[in-house]
Amino acid sequence: MKKYAGVGLTLAVLLVAVLAPWLTPDDPLRADLVQSLRPPGTPGHPLGTDQLGRDLLARVLHGARLALFIGVCTVLLTAVVGGLLGLVAGFVERWPSAVLMRIADVQLSFPFILLAMTINAIVGLGLRNIILSLSAAGWVVYARVVRGEVLSVKQREYVQAAAALGVGRPRLLFRHVLPNVAPSIIVVASLQFSQFIVAEAAISFLGFGVQPPTPAWGSMLSESRDFLYVAWWLAAFPGAALALTALGVNLLGDWLRDRLDPKLRV
Amino acid sequence: MRGLRAALAASLALALLAAAPAGAQDRAKSKEIVIGLGAEPRTMLAVTIVDWTTNTQLEHIYDRLLDRDARTFKPKPMLAESWRIVNDTTWEFKLRRGVKFHNGEPFTAQSVKATIDYALDPASKSHFASAAYWGLVKEVQVVDDYTVRFVTKQPWPNLVDSASLTNSLIMPAKALRELGPQKLAQQPIGTGPFKFVEWKRDERLVLERNPDYWQGPADVARVTFRFIPEFSARMAALLSGEIDIMKDVPPHVVEAVERSGRAKLRATVSSRINYLALVNLKPGPMQDVRVRRALNHAVNVEELITQVLKGRATRMCGPLAPANVDYAPAECYKHDPQRAVALLKEAGVDPAKLQLTLDTPSGRYPLDKDVSLAIAAQLGRLGLKVNVVVNEWGTHLDKIKNRKTGDMFFLGWGPALHGQGTVQPLFLADQTYSSYGNNPVLNEKIRRASTLLDPKARAEAYAELQRLIRDEAPWVFLWQQHDLYGVASHIEWTPRADEKVWMYEAKVVAR
Amino acid sequence: MRAYIASRLAQTALVVFLSLSVVFGMVRLSGDPVLLFMPMDIQAKDVDEFRQRLGFNDPLAVQYARFVAGAARGDFGESLRYQQDAMGLVLERVPATLLLGSTALLLTLVVAVPLGVVSAVRRDSLLDHLGTLATVLGQATPGFWLGLMMIYLFSVQLRWLPTGGRGTLAHLVMPSIVLAAFFAARIARLTRSAVLDVLGEDYVLTARAKGLGEGRVIGKHTLRNSAIPIVTLAGLEAGQLLGGAVITETIFAWPGLGRLTVQALLNRDFPVVLAAVFLISVLYTLINLVVDLLYGWLDPRVRLR
């Protein structure tokens, strides 16, 4: 059940994102003032139009591209950086481990979303910066999980045996430890993915993220507030798209965890 | 830490015990008005911070030296009964007798002097110490209890305009001296129609009627300002009867307000103006006056007004609006795409290859971002490619100040009630928020106009300036905003163009 | 135990100091906040005079030293916007946030724990499936969207509840539900799996075999043992509630810490931002400390070091 719903939904969103330009002929940025605020079902605009007469369907579909793009970039960035740091810290222990854990403590002494938002408010808004700020706030989880895993993997007999046989440290790390840690990284990544997408939307919603006219779900929702009285569809559809995406990715993540690493708690 | 804990416990208890606010009907009976504003006041002290929201709330507590006529916008008596020019650098005000502050202290020339002295004292960190406010005042002299003189550093014809704004809210001299600004900021004392009751941060400011007000007590017994940042939340609060008056009803929901049966729309043409700056303070196509004129012909202002603002704006053709005392009519640029293209070609610019950047704030002015995107769409019809950059407000200001905007930016200005206040800060190269300058002829004429005391010479000078500026096309001239207020049905109140929202002028009528 | 708490507190102080330094550095690199607080027709030289007076023209090292010296006494300077003690402004907002947070936490526990327990005990029943569906949806629905839709339905359309602000119990309803929704979903799921784990343990089987009533089996043996992961998560979540409050408070104009922080960030009112960062990280780490202590108390096997 989880498997089919999760994989199905995620694939559907992915397809929509990739095919967006072909699924809808409309340009998400093209304004047509005469056609403003048309309700869903208007010919040519199945989901209606916004205050500038832009096609809502086109904007929602292109929003999927943006959301997935941000999600993928952030997950890759955090997985690589956080994963490597965790690997090293777990393997070397002593001071790298201590330093890393202190940095992690500093970060964890502050709610994730507030941290990402603060970074954005300070270094500036925009697509690139939101990816960087989400990554800066999100890598800690990998580092912690991976470090913990490495510490326990190191105690296993085959690693001990390999070390006793005189296998070099880099080889030991990448050949013997990494493959055993990889499933956790994948599971964490899949669970973090939807968190990043929702966080991006929330930050954009508050005005610290992707700026209009770029069709990001969060900023579309933020704009929709001023039109709540006259155009419910502006709030309903981007939000529903966001919720569906998060749902799909969550289910996928759950399924992956059950399959790969049932003990892991994030 | 102990103080913290006590504060926590006390306020937690208060929060839990907070009584239910009265509904709209009870309020009609008890003559109470609740006004929804976007932000709370930044201080309770007069002449400290320049900020419309702050001073609008404060002027229920404090009175101005001079008021403005609601229709002609000319200064008229308030705490001062009359004024005259003694010489080039001296103004004299005769003050009203028998006015008392809320604490019983009499209002005299000492109050005026103490207030202005406070504003000019660096320790007060008052914005009003700046040259654009009271900075040109050298000294305030007390002639007798009811006569006061302002001596200025240079001839300053706009002093009387300044005195008829919230720039001149007067504080009590004795209380200011004995209690000090810190205490007054917690418990403000003025001569105004309402007395301070309480200010709950981020929630509400409550005032009650001053029964001894010198113009007679207000009809309204109690005024509460509630702070609700979002348009949509303010709207919902108005329609559900949580608040009675709100400013800035978005144009597209006007109908919803009228339909609701609970509130009606009250609109006024504001003195606040919106424009699209064509930046000539940095290299680029806007250096050429023909390109700037072409853009004035290319943008269809009427269409923006009808389609985006739903008719809720009044077109302007020059830099000043009729609400400005120095206004003179100017001829509009006609919407004429062919003429625009011709002008561009004349300037050696191929419209199909022209790429422009437009910076806009979002949510600062009515539908600002949407207007900017619509302008880009209109210019797109001529083949111009316009990239719209939406900025957060602070970034927008930074960019303008550091001349880092694109070729165009959207901005509003106001309340713009006298000519100097617009042309000087916006058309001189060395000013913080200007977009245009380095025109020697204009520089000289702007400087000269600001020193003319003779009304006729002043009118002529500003008329000439407006003609010149219109031809120079430093902006795409857009419009005066309309201030749209939602007002509950049981309240009689008419908004004014100078944005004075004053509940002394409101009446509560029981249904 | 006392030594443990002392060392944790020392660590907290270090961590808070470091995060403040980082934020201070970022803030100062991000540019000039003075303009936003000045009227627009002010002259450039007046702006500069203000900047001088506020100390923004001093070398960074001097500013930092001044900041550290002040922060050590709890003095974060004056709010640029309100020209008032920044820490005072922040402290004023704490009760509202605590009220909202604790209501949401209470709501979460009251709804989620029973739901999780029942789902586990009646595994694969209709109730279990409905519960799972609800939790999955609850986790996927972004809080700010839920808030928006609730405002539209309950305030705009039905006019049952106020759109925002604080005052009566009615004002508390929507914000606390929105804040609780996401966490309730997580806790319900966790409770379910924790109870399922324990139900499979030998001592539960033994208890049943002894003929103990089902009520006692669940109540005494199962719940106490599944409490550990639940408390841990609830604690972690209590911290995350602070993050969620940022969004909820903004949507519902709730006069709390989160909304103040957002406003201060938007206004670049950096003394207030720093004071808020300070308080939030202190609160956050203290909550985590309390959770760890609870953890040790619930599970004597865990030795705190």
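Chains here go by letter, A, B and C, matching the order in which they are written, and residues are numbered from 1 within each.
Criterion: a contact is a pair of C-beta atoms (placed from the backbone, for glycine too) under 8 Å apart; a residue touches a chain by one contact, two chains touch by 3 or more.
Owing to the predicted nature of the structure, the values given are computational and were not obtained by experimental measurement.
Chemist: Thinking of each chain as a vertex joined to the chains it touches, would you call that graph a line, ring, star, complete, or other?
Modeler: It is complete, because no pair of chains fails to touch.
Chemist: Between A-B and A-C, name the chain pair that shares the greater number of C-beta pairs in contact.
Modeler: Result of the comparison of A-B and A-C: A-C.
Chemist: Express in whole angstrom the distance between the two chain centres, defined as the mean CA positions of chain B and chain C.
Modeler: Roughly 38 Å separates the two chain centres.
Chemist: How many Å are there between the centre of chain A and the centre of chain B, using C-alpha atoms for each centre?
Modeler: 43
Chemist: Counting in whole Å, what is the centre-to-centre distance of chain A and chain C, each centre being its mean C-alpha position?
Modeler: Chain centroid spacing, chain A to chain C, equals 21 Å.
Chemist: Would you please write down the residue numbers of chain C that are in contact with two or more other chains?
Modeler: 151, 156, 266, 268
Chemist: Could you check chain A for residues that touch two or more other chains and list them?
Modeler: Where chain A meets two or more other chains at a single residue, that happens at 124, 207-208, 225, 228-229.
Chemist: By the touch rule stated above, which residues of chain B touch at least two different other chains?
Modeler: 230, 232, 236, 392
Chemist: In the complex of these two chains, what residues of chain A are touching chain C?
Modeler: 102, 105-107, 109-114, 117-119, 121-124, 194, 198, 201-202, 205-208, 221, 224-225, 228-229, 232, 235-236, 239, 242-244, 246-247, 250-251, 265
Chemist: Report the residues of chain B in contact with chain C in the complex, numbered from low to high.
Modeler: That would be residues 4, 7-8, 11-12, 14-16, 18-21, 42-43, 48-51, 122, 125, 127, 129-133, 135, 185, 200-203, 226-230, 232-233, 236-237, 239-240, 242, 392-394, 397-398, 401, 413, 421, 425, 430-433 of chain B.
Chemist: Could you pull out which chain C residues touch chain A in their complex?
Modeler: Its residues touching chain A are 11-12, 14-16, 18-19, 22-23, 26-27, 29-30, 136-137, 139-145, 148-149, 151-152, 156, 229, 239-240, 242-244, 246-247, 250, 258, 261-262, 265-266, 268, 273, 277, 280-281, 284-285.
Chemist: Flag every residue of chain C that touches chain B in the complex, lowest number first.
Modeler: 31-33, 35-36, 38-44, 46-47, 50, 53, 81-84, 89, 91-96, 98-99, 151, 155-156, 159, 162-168, 253, 255, 259-260, 263, 266-268
Chemist: What residues on chain B touch chain A, complex-wise?
Modeler: Listed in rising order, the residues of chain B that touch chain A are 230-232, 235-236, 250, 252-253, 255-256, 303, 307-308, 362, 367, 369-370, 373-374, 376-377, 388-392, 395.
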